[in-house]
């Protein structure tokens, strides 16, 4: 049996395998390390970081839905400073590419966060969250504003040499238009998708179950939508795609790669089985062996339509 | 912490539709402490998708016990598990009760299914401590005394024991409580815990409560289970990681 | 026990209860009548009708997904003429409001269909499908084009006195903007939502499972998204809403009404239990009795936020 | 047509991982005809969401039998049903085989699980007709002969019976087939049905086939199960309503 090559590249970022852990579903790695060998996975994407620490939304923050869940965490995070001082040291113990996810409420804040974080060697790339549906500070919803997404890409690129990945919102008419702007402004890749806007009511109190009223839908329920968004981008824009949305097992990974993803992220599945990523990587290797796939990257965009 | 598929040994039906499921899980039984919990995957399908948190109710050798009643989809599936089928346990999770501080009498205050964590608690409490248990319910079929000791009962409608809330019953027995140093350990509906907090502060009693919250992960990565902390207004505590047992003075109920 | 009033109104359309059967999930009523007493339900929405009969897409047209399904039927239908001649006579046997759903590939075709159908007394209202994700004839995707939606509303209204309901696409950034245009152009109500665009691949053949490549996602998986769309419209536009998306039982109906729906439609649930609507109506009546709700229409938009 | 929750009586395991589930359903047993099918809801959860179509395999008094093997989530759940649990049946659906036309010998051609509808077929065929069964599989453990009569077997690898496809076996036996008027009744994988169509047309044999399709409703409202018809190019036939049994000459395979 020859060795299978699971490595993939996203722009200039080389990963040993395509399985990343998604922002907001892995914390800063420490709790997850009790369950999974972080050295085996393709990469970790941090919880979205903002310039200052954020407390996040009051409870209730989470609601289960059919084959999915809504969350309205509200970007609770420690802020970039505390991240560098308290969280990075732990991650330095591991040989796993760290992708820093940044969320902000102004273009300036994105820039400032990037500038502060780019000096840290451990960080291998940035994922810019322009698409969190659960905070509306300053009335801005960047994810739905194509000019803002272009501007953010341009400005963030200008202050770092590291790859910049823009995480796109699915709550738009044509996600490929956003991917196109990202490419035009020099972005290295896009992540698709963030969560779908959803809500749920307690029928007895008539109140929304989430304190934030609406939240983001994730989990297997959204997989068909996420796949369609990946495919739309792949067919129309030449930019690497990190596929996200409802991935639970190796078959889902292969499906996302066929649809056009260069790599993928595991989100909600981490809550159900924090060792999913490791199991999936093993299963992908077996799959490649069985089907004589020497380089897994061949799968990317291999759909036959 | 472990993720283990553990075989069900038996499901015991108590009165009042309360079930206790006995599961063979040496990994967990040897580590878990009273007040800690497990996050249980009841089905391999996506229905339900998320795990369900349950307090450890009791431990006997390699076996652990969980107490529950059928509420929704998850507990319905759990109730139907038969001997030999497995359930997928993640744990032990969270911080349990602090049994070893300086007190002479542990005052258990349990409302309804809040009785769940106490059978194991009663087993593990150091020999030199006394236990007195106050158990409340709306009516007699909500009173669960499984595994408890030295029990006083209250029901709102007086159908069993003292007529009134469990707080009323505590107040009735203040004299006993004021003999020696006591510490209250409580679990139950939120309204009861609020009253317990007020009662403890007023009477200057130590008090730990086990609280609930919606949860996704159960081990600190989803940030789904915040509870307002009294000491740090800038940051929520997490029920799953910082709790589920808290010093009642540390959280806003 | 006093009699519960389950009746609701949508513009000038009065329905005996809020439970309608959704377009494409009830055919033209005849097969369903084997399982359910059509005289009991609030109304039937026909399969989308076009001017000429349509063959629809080749197989495979249907894929199951987690708590949902994708369909790419491609608007297979008998056409307005055959509908009037062959299907209406059966429906005349029942005392159930008939809402005729129209799909077309040009504004003219919408108008022509409406003109032909409006003379038929049995038809009590029109639902205009501007949002089918599974046909792209003439390159038009009306559902994502706010001007087209406005124009269609205006032109269709001009040729009928019957209530005109526009069925909106959820695959847009802000559905409320579409609802606003519908209101401005004289539309009587909106239906929300049609299906979400999704896809699925066979990982062994690398082909899309659906011949049409993408399809429309329906079923419980989409309920949180549908509720959020209904709520968005309710908060921003003063127009009656018919809520649709993943409704399986009476609790779902109440949730949709709280979020802002005046009535609702049952879609995918009909395939799983063709008697759902009848059971739901009974359950709604019991619910109203238990909670002393005299008029179910009080629930509409009764959320407390 | 009915929607009935019917109690499972027994699950019989044949060789080769094939299961036959016996269900008490007087409503359906008294109406259903060979070749018709049921759309089965195996779980009350949304996992799986849709019903699963199964041919009626056999009927005994008030009991019906379904034959299947474990493929995915739906059949996995079905396989675990125990006596007393119910399954939710919708049916009888579709058009079955036409047993009464003018022929002397019914030639059953079954590939793999395509054998499912024939035990009941064999029971219901008029007494004055003869039966001969051709059963094919890739290897011997794909050959299912349950409930069949006068059986000839073929396997692609020759591990059981004739070595070759079931079509090869039919061709080997053309002489027998050409004695008297025959009609072919076939069910199996699509590739086999295509070959059967060609074979029937070439030899001028009457032939009915039972075909499969992805389905949502099973009774004609979703339009999810089209099959190209040879007579009407403007319109698809529906497998669930116009089939699943078709005159092989009426459809494009």
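Going in written order, the chains are labelled A, B, C and D, and every chain counts its residues from 1.
We adopt the following convention: a residue touches a chain if its C-beta (ideal position, glycine included) is under 8 Å from a C-beta of that chain, and two chains touch if they have at least 3 such contacts.
Remember, predicted model here, so these are calculated numbers, not experimental data.
Listed by label, the chains that touch chain A and also chain D are B, C.
Between chain B and chain C, the centres computed from C-alpha atoms are 47 Å apart. For the pair chain A and chain C, the distance between mean C-alpha positions equals 34 Å. Here the spacing of chain C and chain D, counted between their Cα centres, is 36 Å. Among the residues of chain B, those in touch with two or more other chains are 46-47. For chain C, the set of residues that touch two or more other chains comprises 63, 66-68, 219-220. Chain contact topology: the protein chains form a complete graph, every chain touching every other one. Within the complex, the chain D residues that touch chain A are 46-47. Every residue of chain B that touches chain D in the complex is listed here, in rising order: 43, 45-47, 73. Note for the complex: chain C touches chain A at residues 63, 65-68, 70, 144, 171-174, 196-201, 203, 205-208, 213-215, 217, 219-225, 227-228, 231, 246, 251, 254-255, 258-259, 302-305.
Partner chain D is touched in their complex by these residues of chain A: 66-67. Considering their complex, residues 24-27, 31-32, 34-35, 47, 53, 55-56, 58-64, 66-69, 71, 73, 76, 219-220, 248, 268, 270-275 of chain C touch chain D.
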